[in-house]
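By letter and in written order, the chains are A, B and C; residue numbering begins at 1 in each of them.
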Amino acid sequence: MIRKLALTTTAVAAFCAGMATADVRIASVAELSGAGAAAGAVWHDGIKMAVEEINAAGGILGEQIDLVEYDSQTDPQNSRAMVQKAIDEETFVLLGTVYSSSTVVNMLVAQQNGVPQITGSESPTITAKGNPYIFRTAFGAQKGLPKLGSYIKNDLGASKVAVIWANTEFGKGGHDAFLSVAEAQGIEIVANIPTEQAQVDFAADVAKLKSSGAEAVFSYMTEEESARFLIEAAKQDLGLPIVGDTVVASQKVIDLAGEAANGVASHVGLTAEAPIPAIQEMAAKFQEKFGYGADHNAIKGYIGAYMIKYVTEKVGSFDRQAFADTLHGLCLNASEYPGVLMDVCWDDTGEMSRESFLVEVVDGQQKITKTLPAN
Amino acid sequence: MAEFLQILISGLSAGSIYALAAVGFTLLWQASQTINFAQGEFVMLPAFFVLVFTVKMGLPMSIAIVLALFLSVLLLGALFKKLIVEPMLSHGVLPLVIATIALGLLMKEMVKEFYSPLGQPFPGLFPHDVMSILGAKISVADFANFVIAMGTIIILQLFLSRTRTGRCMQATAQNPEVAKILGVDIKRMVMYTFLINGALAAIASVLITPIYLAKFSNGEVLGLVAFIAAIVGGFNQIRGALVGGLLIGVIDNLSAAYVSAEYRQAVPMLLLIFIIMVRPQGLLGTTEGRTV
Amino acid sequence: MSRKHLFFVILAIAVLILAPLGQKNYIIYVMCSWLMFSVAAMGLNLTLGYAGQVSLAQASFVGIGAYITSLITLAGYHWVLGWLAAMGATFVIGLILGYPALRVQHHFLAFVTLAFNTIVFLVFRNEEEITGGSFGLVGMPRPEFFGIQTMQQINFYYFTLVLFLISAFVFWWIVNSPWGRAFKALRENPIRAESLGVDTRRITLLAFGIGCAFGGGAGAIMAPLVQFIEPGSFSLIHSLKILLMVVVGGAGFFYGPMLGAAVVIILPEFLRFTEGYYLMIYAFLVIVLMVYSPNGLIGLGQKLMARLKPQQEVRKDMQKGAQL
């Protein structure tokens, strides 16, 4: 399928070759250093790979993409400055940032300047602010967590749940969203344990979970912290089902936690293990190119870059306002637009919907147990 | 009861590692008035030496650890002393503080750029079998870490008090001028201290990384904890760093469980301020002179 | 102030006024950021360079100032009120924090401030009802003066510049007042200063308090500049960054913090073409600078000047070099 696309676009490229082509500049503002480097650098590699594919296939409307990277250093203030810089340097569309704490700040600048911004952030607040220029590559936590809530209630049969979460902007978003889901679905929260960023010692937290009387644990932390938590939980023989969203069952956590990750169940928006040939093909190519496995951030970046191509070509010119207007309410299906990997729709707040999965870790492997419909 | 015991035991096992890092801190302070803000990164780095030798070069773990230990002594001990500390000794404390902050940043960035920005699994030296003591769980690895960390510190203490070289090192730390007059080769003694710090960092690194996972940012938290442990225990006593480390480990866990998870980091800080107010020389420190 | 110096100051101010003209928003934003950090670093310079005390909590004072200003302006009061409240509060908090620490000598103020910074960060993050928790506070209005809006980046730059000049003037006045001379006496030789009748503890405490108030003032600029504050911007690492500015520029020199802030904020910009390596190069340069010139860039400049001026001195150095 990609080859077919490549053929047609090569034809277009050949057609355009006669004309003088000015490059189109696209900015990637990402967490390339600092605490968020693990997420931002992978997201950026996903973008890089997609841009190389697009350029090799003739670019956008016959113009090559000039990808410029800006390092936010995982600092919201700096990310704001970098977005301003990217706009000064006349980027057509912005890609980034991944950390919600940065995106909520720098999206104000993009909005003031009318520049469409495609973000990897999943915090519910991003699309709730009425910003007409922000678009997601993965849906917000508030859409995924109700699916998880009903899994906890119906499949696990648990009515008392303990929550362990990272006390950061990211973790707080997930925590708040889960608490409102729990309330709506009649799940009682028996323990509520915040943890620090880069925390290494989870002994006290696990001991508290153990004596909380919970029937299941909802975990919402970043990769390394999730892994450390799982290792400690296995050591103390916690014996409760652990569920979470995306991160806790990601390949990175499985690699880090080893056997301790077995049995973890999670709702996952995007995963390299998804039973979808396009994603597996993309993941294999990514592994070969960068020497490490693609995760949800890599896929988000990859899709983000292709969104720019498809939407711009729908518009027919490099018009930022028309780009934003067209993307609102747009649906792209993967058979026609292979770069988005899965059928996807955006609503008029920039929020998106797409199928998602329930996974369980079995013998150090992600196993898809259920495919959940888009909502 | 089981919960409390669990927290106590886990706190001691975490604290023994903090003590190892804090002892290095104390040694450098005594030998050369160096406040090493890169101490956390010193403990982060040797694990990556091991990973380079095992994962990238395919060497067996035991050889990799020996090589990493050697490399740490060379780079974090000798080279650090020669290239950074020595030229700056006459400049006073502050420029060296800034230089070690920059050094920490440099080490973090290099690991991130040349190895990986992502956390890496790290093979444990000991089996993960779990024992149960009155309902509290402790793994063989935890127990071994505690024994090795304590053993290392005791051996170091014996070395300093029982051997001739060790006593010369103590003399240098207490009063360099007098030591010099008595014929002690001060420069060499100070160098020994740095080499020992390099070795301690490597030992701590190999012990904790299976639990912490190898990540470039691991030093940030650890460096701060070691620093606090050293001050609380007494900046001029090895015993002090030991007690400080264990105390911080236990207090951190107890406060997370029984005080407030949100403010768990504040409790060691308040302890630090309290100690400075009522006993500025630290719990086991002495007011007069500097003794190893 | 000598005539030559006065001429230099007027020229520098003229350059600062003309610099943003025709520049893009990003450059102006970086310049505002530089002026703001210069004010914070000036305060630390007073504590460190003139009173000889290490503070590792300057970012938390910037934070306290920024939160106070944000809360006051978000409640609908004018920014000036926030500014005054920010500086007043940070001054008082500085005194309360410094008093016990300065009872005991050595580096204990440094350790206490280090702990204080972490605690302040936790309070910002945990006291959600007031500070907005980890989500922070968003949308602080930019002030209006006599009908002139500062929403436009260039107007805001001039607003920041005026505050910067006021701070610099106050700083210059303090350093050259009898107080300032007492600070200097204290730094050069505390025992002698005491024997000459300088109440060292009171003077040091005052220097620390004023230094903290400068931090609060910088925070009052930061709130409307970034229009978003969150606890992470005031963590320990940022205090170390401000300390870096002072020492890299040259502690104890009037222009040191301004130069240092420029280096810390603008040098990474120049090194950005090296992509992943720029932080490494930056860290490496700082180490080299500290090894070669502990008095920072101004010290380095003086060293070079001294070496260039008298010809014979050069020859001596070369001789020494040959011997080595």
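To be clear about the criterion, a residue touches a chain if its C-beta (ideal position, glycine included) is under 8 Å from a C-beta of that chain, and two chains touch if they have at least 3 such contacts.
Computed from a predicted model, the values in this text were never measured in an experiment.
Trainee: Measuring between Cα centroids, what's the chain most distant from chain C?
Mentor: A
Trainee: A-C or B-C: which has the larger count of contacting C-beta pairs?
Mentor: Between B-C and A-C, contacts are more numerous in B-C.
Trainee: Which integer distance in Å separates the CA centroid of chain A from that of chain C?
Mentor: 38
Trainee: Starting from the mean Cα coordinates of chain B and chain C, work out the distance between those two points in Å.
Mentor: Centre separation, chain B to chain C: 32 Å.
Trainee: Spell out, as numbers or ranges, the residues of chain C touching 2 or more other chains.
Mentor: 125, 276, 279
Trainee: At which residue positions does chain A touch at least two other chains?
Mentor: Within chain A, residues 33, 167 contact more than one other chain.
Trainee: Chain B: which residues touch two or more other chains?
Mentor: 109, 262, 265
Trainee: Which residues of chain C touch chain A once you look at their complex with the stated criterion?
Mentor: 24-27, 29-30, 33, 125, 133-136, 138, 226-228, 230, 232-233, 272, 275-276, 279
Trainee: In their shared complex, at which residues does chain A touch chain C?
Mentor: 32-33, 69, 71, 75-77, 80-81, 84-85, 87-89, 101, 104-105, 108, 125, 167-169, 172
Trainee: How about chain B: which of its residues touch chain A in the complex?
Mentor: Checking each residue of chain B against chain A gives 3, 6-7, 10-11, 14, 109, 112, 116-121, 128, 130, 137, 139, 211-213, 215, 217-218, 220-222, 249, 252-254, 256-257, 261-262, 264-265.
Trainee: In their shared complex, at which residues does chain C touch chain B?
Mentor: Spelled out, the residues of chain C in touch with chain B are 48, 54, 100-101, 104, 106-108, 111-112, 114-116, 118-119, 122, 125-126, 236, 240, 243-244, 247-248, 251, 276-277, 279-280, 282-284, 286-287, 290-291, 294.
Trainee: Which chain A residues qualify as touching chain B in the complex?
Mentor: 33, 35, 37-38, 41-42, 167, 193-196, 198-201, 203-205, 207-208, 210-211, 223-224, 227-228, 231, 235-237, 252, 255-256, 258, 292
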